[in-house]
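Across the two complexes that follow, chain A remains constant while its partner is chain B and subsequently chain C.
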Partner chain A sequence: MTAARELARRFRPRSGNPGHPPRGRQPRAAVSRLLSPVTCLLSALLFFTGCPQRETAVQRGNRDQILHRSLGYDVVDLDPHLVTGIAEGEVMRALFEGLVAEDPENLHPVPGMAERWDVSADGLVYTFHLRADAKWSNGTPVTAADFVASYRRILTPSLAADYANMLYILQGAEAYHKGANKDFSHVGVSAVDPRTLRLVLEHPASYFLALLVNPPWRPVPIAVLEQHGRSDQRGNAWTRPERIVTNGPFVLKKWTPNQVMIVEKSATYWDAAKVRLKAVHFYPMDSRDAEERAFRAGQLHITDAVPVAKIAAYRRDSPHLLRIDPYLATEFLRLNTQRAPFTDPRIRRAFAMAIDRESLMKALGGQVKPAHAFTPPDTAGYTPAARIETNVAAARALLKEAGYEGGRGLPVIEFLYPNSENVRVMAEALQEMWRRELGVEVRLINQDLKVTFAARRSGDFQMMRSNWIGDYLDPATFLDIFRGDSGNNYTGWSNSSYDAALFAAARTIDPAARRELLQKAEALLLEAVPIIPIYYYTHVFLKQPSVQGWHPTLLDHHPYKHVWLEN
Partner chain B sequence: MSNAPSPAALAAVVAEPLEKGTSLWHDAWLRLRKNRLAVFGMWALGIIAVACLLGPFVSPYGYEDQNLDLGAVGPSGKHWLGTDTLGRDLLVRLLYGGRVSIAVGLSATLVALTIGVVYGAVAGFFGGKRDAFMMRTVDIMYSLPFPIFVILLMVFFGRNIILLFVAIGAVEWLTMARIVRSQVMAVKKMEFIEAARSLGFGRRRIIFRHILPNILGPIIVYTTLTIPAVMLLEAFLSFLGLGVQPPMSSWGVLIKDGAEKMEEFWWLLVFPGTIFSLTLFSLNFLGDGLRDALDVRSSKD
Partner chain C sequence: MFRFITTRFFQSLLALFVVISATFFMVRFVPGGPFTAEKAVTPEILRNLEAHYGLDKPLWRQYLDYLGSLMRGDLGPSFKYPNRTVNEIIGDKLPVSAELGLLSLGIALVGGITLGTLAAIKRNTWADYLASGFGMIGISVPTFVVGPLFVLAFAIHLGWFNASGWYTSADRVLPALVLGIAYAAPISRLTRGGMLEVLHQDFIRTARAKGASEARVVLRHALRGGLLPVVSYLGPAVAGILTGSFVIETIFQIPGIGREFVTSAFNRDYTLVLGTVILYAVLIMALNLVVDIVQAWLNPKVQLEA
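Let's look at the complex of A and B:
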């Protein structure tokens, strides 16, 4: 999946409540064990209404190799250069392929559109040799010129692509994107011949190949785009099912907004012989509860998440359906440092220190880990040394120093969060901690996800719930978002020492020295607290046993090419 | 100390056996008392209202006090109705929620009552073009889907709990206006109104002093039926996240929360659901009883 993936509605797991007796949750197996007649009745109602005797979608899918999965929300767009969300990333993985693809187990780069590549000794020049049978779904070959035109498109300022800065690693790309240089021939992208592409980097990067699997690096069929409008501007409707041309293992068959998106196996894909699924059906589902019921009724192979309250029961009654995977992601709060009272770092710090994260984890279930820093521990060998400790006395002292002893005089703070039950639990717990420990009043404002995104973009918030999922296995994927020029910063905070440390880290090859610079950046971030880290994720979801090849991966990428169904 | 009765008391004693008349209200009260369901409803409502008013003062817990280490546990000696997932005492949240729900029910009904009665009485009394215009306006407002109308109001005016009362009241008066209008049209043709007219009384005096008291029965009855409707609407709005905001609770919020977790923590749904249903049933029983007691003609139908 691509860059900033603000995870809409991932669910935090909830641990079992050891104090009370087992209650049936997989109703068919457990009805007899239900203790309360009321629960029994309700469960029975829920279950039997959704369970006729005929073949379920899952059973039919197992026979026909059709995977049914849900997405947390409806896909906004299918243009790989414009999408940002996690649901779009799932679909992108089926429709488009970049120069390299991912190994399904460890996500290591494996040949994709390029059958092999050479790296120069200084790590700056990558030469990709495209395969002869790389084809678009309309039958035309995928050439090096396609990649050049695609990278030129995403870097064109008029497209205003959110993740254009992911390509800044290419020599001269930043200057071109910011308009300082209008000649694309100065950017380190060139087609040596139709099957040879050369990329020149600004600085060596060990993670460069891993970067290439993200959607901004995937090619788009410029010729097709030009048929339906201008390719370098937004609003081009080339992604409609009857128009779209893709180069991945699947092609788009049907897209009914808010209902279903169907992709089918592509006949022109170079590795089609290895693709075992005939189709994937994506269902956008806002409600975790509805999703869980659909899963139980045999409508889904894989869910996006699990309602917090139901995890304990699944663990107890049907552990074979529940998956708890590691996940490189952090839940945190963004503070608007441009708006009172969070212009004062002492107040930001006081809010961060008054949170008892260990207690909070109990309310959120046992699956997540308290976050005292931003980058998750042991990200490619890096564990942040700086920490925000819980210290209520110090937090009160800081607030007093800022002139608001016991919270007196501090205006009501608004905490913006997207509509989601699992987020509300966290928000209510934080609200109470701040009230009890600092005496400040925080008002919870829940809004539609799109509304919160708009508020974030316009800076119209004081405090908002956020999350960040790593795009590649390197601490830079986290720390880079709070650089002063980052499109994902949104806190109004910038610090030249922080930017300088990251700039230097990107150009440092020695791993120890590089980690040192990253530690320095993280320490600066946690000292200024434009964000309050809350916890590190795990990905909890439901999966039918028939789904094969769905390996636990840190980035939650599961190339559909390697997935199959088996009874 | 004197044993001599005062002249006034003497007169009362003498008068009593001669003229023991009962007012219409007293008759209605006697009829109501015979209706067991209505009496049950009155008692249940009284107990719930008193508990919601006084209970929170007695409870050792506050509605926002969390105990994250405790989490959700079932009913016990410490927490009679159990706790929610944040370790908050369900009983005290239920009582606080009752305050909100009952307050919304009463005040929104008051708003609906005021607007509806005045509007309906004016339309019914004047009749003609003015009536046609006023009632077509009501028809148009009827055709707007209520919840969406309230949601629009909430979006425009923000999430203020007072505004929630007003918003709900502003959409609940339509039926009241229709009922009052039809009653006024029937009553205004009666002889005692003719008498009032011929005595030269003003229109305002006729409407409010002569007509309204005579149609009080249907108004009271409909009012008791509006309260549960309003409480349901509040529950519905809170269910959608548009009603009261956390950490405050209302019955709607509690039921929503309980519905999500019922398979794991049954008490979170059962207790709020029971109290809410009990209140609605009681109000409906009372409303039915009042209709039978006040409007004898319709009760025979």
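Let's look at the complex of A and C:
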């Protein structure tokens, strides 16, 4: 007994540095006394390591202004013209800066590489004045010619940039990208002088500056690219740490795929005096559970997400670590309007009205908000006017009118959704609601994500789970996908009045008139019900209290130059 | 011996060819492609992408092209990672999985054989029950339970290790232990069974009758035969352990090849799927050959015949 206690005492972990606060949680004395000698000996014998209680990465980071942040998956590349994902966008914001940057609180466009800009009275010509101290990380100035060369590059067909069509708003860009016109001088991009860039649009667009913060609009150092291969081809390895040249507040220091990416404060950045973080360490974490454990072990300041099953526990025990921010995204169902029975708008409507979204939200953990329209409310000042109400009696009446009273005679409907625990919970709840309220039978078809995408493309579905994440702060990023000519429509539904309203809205500068046109379009969409909105997303994540300047923003963008750590 | 090895080599080559061909065509027939995503690319961009990666050519042409570049040791570009090749990805990640695998294998062999031998010698005593109990528990409790439990105890509660990652040598401890225990358990069961069988054979009685010490009987005479089941188990097991464990690599977020093996299929990263399958096939074939040779060496009754 005494010997055992002596052992336990000797091997009890002690804080290596008494000046620092103990780790987040008090050790449970009994367990640690029992376990520590055994495992400490074992690991010391096998691996020659000791077992002192260490200072955590978060504690060190707080002291040294190093932010430890996890990303949902491994960044596939760092070329702003080739990346499309959320994790890549996160790193892009640290490494590259476009003509405009984002306000940390509301993401409104603020001066970036351009110190100011003028817009012509007709809203078509934007003249950007680049700042004199705009520099690449190799010390050369960022010029208007860099932007021209960059936009030419992303619009070159051979690069096959996924998001090249985001630049179609530039005059002549679409024709150039599709090969109809091979002369880039016909595209609305020109360098007036080294510090003046002129962009000419196809049509006035109130959201143009908001669009500019996306990665495809950022400049790349063409001269550097050409040292490592062709700039207009994929597979150019210029983004390796020893080669990459960037123009943002941070520079790439280290990149070990699937492990860590380290960016450090850039010395050449024009606003370096404002940058308070010394470095950001990005960790790709594709397991939510592993990520949460790493957060608890003091390895992370900020997580990408939280396992749904853990949200309630955090709410109860550590609400100061849990953040639930609004997020510009909608979960909805696509209905195939070309396939019976959803060719009949009454049946589509009946399905949409029979859903009790409020009780569904409870089943999903209570962190998302019910969606009665498609565009999330208050998107850059726009809130949809029309709504899909829950009205079971009206839904039953519609179904009866369509000839299927009480669901009798209606064939079994197939509901396609991807493998995912959260989606499964939603699908089962919906299936039960439709059975109970309408008497219809819905069969759940669960497939690999890419298989569902393939079915969507070929129109081989009746009803499928979908979602949409806004690309920029404007309702157009949502409503545009159901235009007749949109590649993301997939419902088989199109309506010329809807398309016309959006066309007119895109060319309307007056905000109130434009809002009205968009509301009219959304009302048409909700009237025809090719989609059933389910809920608006929130971004749920864990954050150490030491992280400052991390504001809730709709796009989940947090410009790192405004973030700092405080003990 | 030489004839045996050359014959096996050519048999393996043929098998490898079948594996490559079957995989090549099978991944192509899975719905969805490398460029299908939530947000669709426009038809023009899709055409450009397919042209860049040669996916616009007829399938038989792509197949011949692939075999051609394979002959030159080029596994092609990754579809998911636009600026990386499959050779680079495997070169980055295989050493990580192999390091973890070797550490775990060490733990599994030392722990498993020791416990198994102990259990066999002390049959039906508390030592046997303890060792067999460990074996049963180790086999029945999956790594995705043991892993998070270890993290909870040693990383979060005691704070000795990182909960995940692969940065310092201390980060090797937990994953190697968890994976090592998972393999030590079946090895201890197999060793115990093999040893029990051998310990009842005549040559052991003869050795004892000649006055050999118990240690000499066990280590010199019995273990050699008793390990035969372990050796045949080790062939595929070592291939699996070296090419990484998806579960362990996910729990501890280790940048190994095991995760690529699974995620490349989800991503429809055709070349990376093929690259990892080829790697795995070659390792299994090579290790099975080694196992056959080792078995012949351990057991005089086994003849290497072509």
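As a working rule, the second predicted complex is superposed on the first by the 340 of 567 C-alpha atoms of A that agree within 3 Å, B and C clash if a C-alpha of one lies under 4 Å from a C-alpha of the other, contacts with A are read in each partner's own complex, and residues count from 1 in each chain.
Assume contacts are C-beta pairs under 8 Å (C-beta built on N, C-alpha and C of every residue); 3 or more make two chains touch, one makes a residue touch a chain.
The structure displayed is predicted, hence computed values, not measured ones.
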Touch test for A:Ser158: chain B only (first), chain C only (second), both, or neither? second
Touched partner set for A:Ala309, first chain B, second chain C, both or neither: first
Quick check for you: in the superposed arrangement, does A:Leu449 touch first (chain B), second (chain C), both or neither? second
With both complexes overlaid on chain A, does A:Ala363 touch chain B (first), chain C (second), both or neither? first
Partner chain(s) touched by A:Thr239 [first = chain B, second = chain C, both, neither]: second
For A:Gly298, is the partner it touches chain B (first), chain C (second), both, or none of the two (neither)? second
Please indicate which partner A:Asp289 is in contact with in the superposed arrangement: first for chain B, second for chain C, both, or neither. both
Please indicate which partner A:Trp564 is in contact with in the superposed arrangement: first for chain B, second for chain C, both, or neither. neither
Residues of chain A touched by chain B versus by chain C: which partner has the larger set? C
Once the two structures are superposed, pull the chain A residues common to the chain B and chain C interfaces. 23, 25, 36, 39, 42-43, 46, 289
What part of chain C is in contact with chain A in the complex they form? 30-33, 35-45, 48-49, 51-52, 77, 80-84, 89, 92-93, 107, 148, 151-160, 162-167, 169-170, 172-173, 176-177, 250-253, 255, 259, 263, 266-268
Listed in rising order, chain A residues that touch chain B in their complex are 14, 17, 19-20, 23, 25, 36, 38-39, 42-43, 46, 289, 307-310, 312-313, 356, 359-360, 362-363, 419, 421, 424-425, 427-429, 431-432, 435, 443-446
In the complex, go through chain B and note every residue touching chain A. 64-66, 68-69, 71-74, 85-87, 159, 241, 245-247, 260-266, 269-270
Chain C partner contacts - residues on chain A that touch it in the complex: 13, 23, 25, 27-28, 31-32, 35-36, 39-40, 42-43, 46-47, 49, 51-54, 56-57, 76-77, 79, 82, 84, 157-162, 164-165, 177-178, 233-240, 256-260, 283-287, 289-291, 293-294, 296-299, 448-451, 453-455, 457, 467-469, 487-488
